[in-house]
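Chain nomenclature is as follows: A, B and C, assigned in order of appearance, with residue numbering initiated at 1 for each chain independently.
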Amino acid sequence: MTAREEVLARIRTALGDRRPDVEVPRGYRTTDDRPAGVLLDVLTDRLEDYRATVLRCAADDVATTVGAALGAALGGGWSPADVVVAPGVPAAWRPAGAAEDDGRPAAGLTAFAATLTGVAVAIAETGTLVLDGSPRCGRRALSLLPDCLVCVVEAGQVVGGVPGGLARLDPRAPLTMVSGPSATSDIELQRVEGVHGPRTLVVVLVAAPYGR
Amino acid sequence: MSAVFLGLPTAPAGVGHLRGDRPFPAAARDALRDGQLRANLGRATATIRAKRAAVVGEVPDWEALRQAGAGVKRATLARLDEHLLELEARVTERGGTVHWARDAAEANAVVTGLVRATGAGEVVKVKSMATQEIGLNEALAAAGVTAHETDLAELIVQLGEDTPSHILVPAIHRNRAEIREVFARTMPQFAGPGDAGDLTDDPRRLAMAARAHLRERFLRAKVAISGANFAVAETGTLAVVESEGNGRMCLTLPDTLITVMGIEKLVPTWRDLEVFLQLLPRSSTGERMNPYTSLWTGVTPGDGPQEFHLVLLDNGRTAVLADEVGREALHCIRCSACLNVCPVYERTGGHAYGSVYPGPIGAVLSPQLTGVEDNASLPYASSLCGACYDACPVAIDIPSILVHLRGEHVEAVARERRRPTPEALAFRALARVMSHPRLWRAAQRAAGLGRFLARGRPTLPAALPPPASAWTRTRDLPAPPARSFVQQWTREHGA
Amino acid sequence: MRVALFATCLVDTVVPQVAMATARLLERLGHEVVVPPGQACCGQVHVNTGYRREAVPVVANHVRAFAGARRAGVEAVVAPSGSCVASIRHQQAAVLRRAGEHGLAAEAEALAGRTYELSQFLVDVLGVTDVGACYPHRVTYHPTCHSLRLLRVGDRPLRLLRAVRGLELVELPRAEQCCGFGGTFAVKNADTSTAMLTDKMADVLSTRAEVCTAGDASCLLHIGGGLSRLRSGTRTVHLAEILASTGDTVSPGQGTAPAVPA
């Protein structure tokens, strides 16, 4: 008997003939009808709680905001050549002169100081951005190796809770859920931000500014 | 029906880390004497308890999520074979290869063979309970392959030649000063004289030392080995939940990825993850969401490892499944909330449990995986206070399983021995007395004679023979009253 | 109301004054108390130590003793112990069913539905929180694990204590931590149990209370036995004794903890 056949046979022995249909009680919240503005505020609050930087701007102001964010994260002498951009990021978001990911071996991405991507969906309640490997999000190594990650989130991409977020995703895509910069609690269970993943996370939220 | 009667094999001895070399009370005694350990654990568990309570408290539908989590796991186990076959088909469709392993030895052989076939002499590892359980690092070392643990706490344990003592934070028993000492002593970056001069015990500084230590290893690794938090049967998707980004490094950069997963880590549908991705981070690190969760399905051309192997591990799990009461332990999602709230764990630490699965969940899981006779002291390593059940995000009734396993143990001992143990004789005698009111009243009157031992003092002498001495070493016992309540009441009111 | 009192084996044998206080309290509130003479033990210690087969006759004796009282017009069973009531509610029927005693199991279930821990009986069934007690002492309350987590008695004991005249209630830090008793755990894992007890005693002593109270005599014997060994001067007194007290009947020295001789 192969291991496969044997493990399956053991399971059948253990379970016996009775195969009750188990109904999963799903009494938890699956929708969130809070207004979009509230969701943006919650997302901002949660991201900032993880020590991410959140900047809001209007749709025609993304490149400038991204530039300002990079300046703040990388310091005054930053150059657009230090920044790598996912191939599907709209031209209107890119700082002039930034490099596009050319598919080089992943280790080569460490040459860049920062990455600019979009997201597939953002989950307000948990402060989570989901990247799905699409051209706008880039391959997984892209959002991992450079030490600063800038993600542009459009207001329409923000959902309230986890169920709403997962429903919008293709499970077969390579997915990365990002909630703040990398962190650890391994020393005395005290949270410290910044370990192997990007130590800086900047989120540019494209939405009408407050009061409009 | 139990596994014993169905003949289902438990996890074999001699490989892996499910059995301690001493019974719990003896191992606990040493831990209790270690004041530094008690202080480290007390501080760490108090911190995490407060964080968990805060983020769980803000979720209005927590109890509904908990019941859903339990329901999904029940549904998974009820048709485990069907779900595993579906997972296998979906992973294979997407370019992955699925392997099955009856036990630890077989899983180690499969993984070692796969690594050898790549020609790699080293692998990077994502923290994984399954590979700890089977002793994979030792098997790899025997095959000449070096395994680099990349989770910070696992790294601390590995560099310190220590063993893990917690499911989530394997180095919870170490404080920052001890960790600094391990790093300064073992990391090549601090090998030169004076190199460790600027290494402080600030957790941020220590985390940066780990980043520098592992960076090069991540970039050159050809093979990574991971566990899995979840696998989705209907899509073939695997999930790893982590914080530091070491998981993403391992799951993304090498050419070959080998994932070892217990057969119970499955969920039937994609939608089921919406429950667990809410339950796990809040219960585990006390965060609304952990920094990184990676989800992948087979192989994605041009993105991440181009060779993917999934090893499905039994190692006693089907024996647990055979026990209708005990199988609930297979619902566990390894969050470690039960450890953090357990008053026993808080005082003894994880090493006393002798298994990679410590704390309340370990006390029900380890004895079932190995057969209760090999971990016979663990079901008793609990005061049955119930804090674990309240904290469990999938509502595993750990106290009831502990009591059930005590029953299984007592009955196994009775089957194996020709003569009953003194304890069994005592409980039988007590049962006989307590089920016959006349004998019970006589026994109570006899107990009243204990007054003579007290010689008029309100307490009995501290020097009593065992097993009473186990009580009186640290606590007084009151002298028995002249009459029991029922006797006195009957005197006053008539029978 | 006609109420049957289940003293529990421990209270009956070791601290009978707790059962007497429970009876006096219920009578003072105008209820008739009956004490079924056939009662002994609920079987919890057998079940929780793994002797579930041996527990069967013990449980059966309990069910028979109180089923008889029920037929004699008893409407409720009250016990001054959260732990024993939890066993009656959650374990007895299962133990009997496992042994094939289905008729008795049904009887046990019916009984379980009418069996109450003292504070639940007072607050939920009788609807009283002020029982007319007077107890002029500084008191702290330890919520025992089985009352807290198996019976969910919540703040009922605290509401009862707050209504006691003269009583100064002080909050116990880390109150929800187990005292380390755990039945045979206290003997099988005596060192760990003692470590838990040590921390519990430190918390109790930090309140500077004269009296530590609870709804379980077993946990109180544990805490009180430790405090007595320390000669700390703080005593343990069962909730029933405090609620039965009218100011001159029970002094702190008469609690479940042995008094240190003067």
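Just so we're on the same page, a residue touches a chain if its C-beta (ideal position, glycine included) is under 8 Å from a C-beta of that chain, and two chains touch if they have at least 3 such contacts.
For clarity, every value in this text was computed on a predicted model and none was experimentally measured.
More C-beta pairs touch across the A-B interface than across any other pair of chains. Chain centres were defined as the mean of their Cα atoms; on that basis the chain farthest from chain A turns out to be C.
Once CA atoms are averaged chain by chain and compared with the all-protein CA average, the nearest chain turns out to be B.
The geometric centre of chain A is 30 Å away from that of chain B, both derived from CA atoms.
One finds 53 Å separating the Cα centroids of chain A and chain C. Multi-chain contact residues of chain C (touching two or more other chains): none found.
Put simply, chain A touches chain B in their complex at residues 2-4, 6-8, 10-16, 19-30, 46, 49-50, 103, 106-107, 110, 123, 125-128, 133, 139-141, 144, 161-163, 166-167, 171-192, 194-198. Touching chain C in their complex are the following residues of chain B: 24-25, 28-29, 32, 38, 343-344, 347-348, 379-387, 389-390, 403, 406-411, 424, 427-428, 430-437, 440, 444, 447, 457-459, 462, 467, 470-471, 473-481, 483-486, 488-490, 493, 495. Interface of chain B with chain A (complex): residues 1, 3, 6-9, 40, 43-45, 47-48, 51, 60-61, 64-65, 67-68, 71-72, 74-75, 77-81, 84-85, 94, 99-102, 106, 150-153, 156, 169, 171-172, 175-176, 179, 203-204, 206-208, 210-211, 214-215, 218-219, 232, 235-237, 243-246, 248-249, 251-253, 263, 270-275, 277-278, 281, 285, 287-297, 300, 302-304, 312, 314, 318-319, 321-322. Those residues of chain C that touch chain B in the shared complex are 7, 9, 11-17, 19-20, 23, 35, 37-41, 43, 45-55, 57-58, 60-61, 65, 145-146, 148-150, 176-178, 180-197, 221-222, 224-226, 228-229, 256-261.
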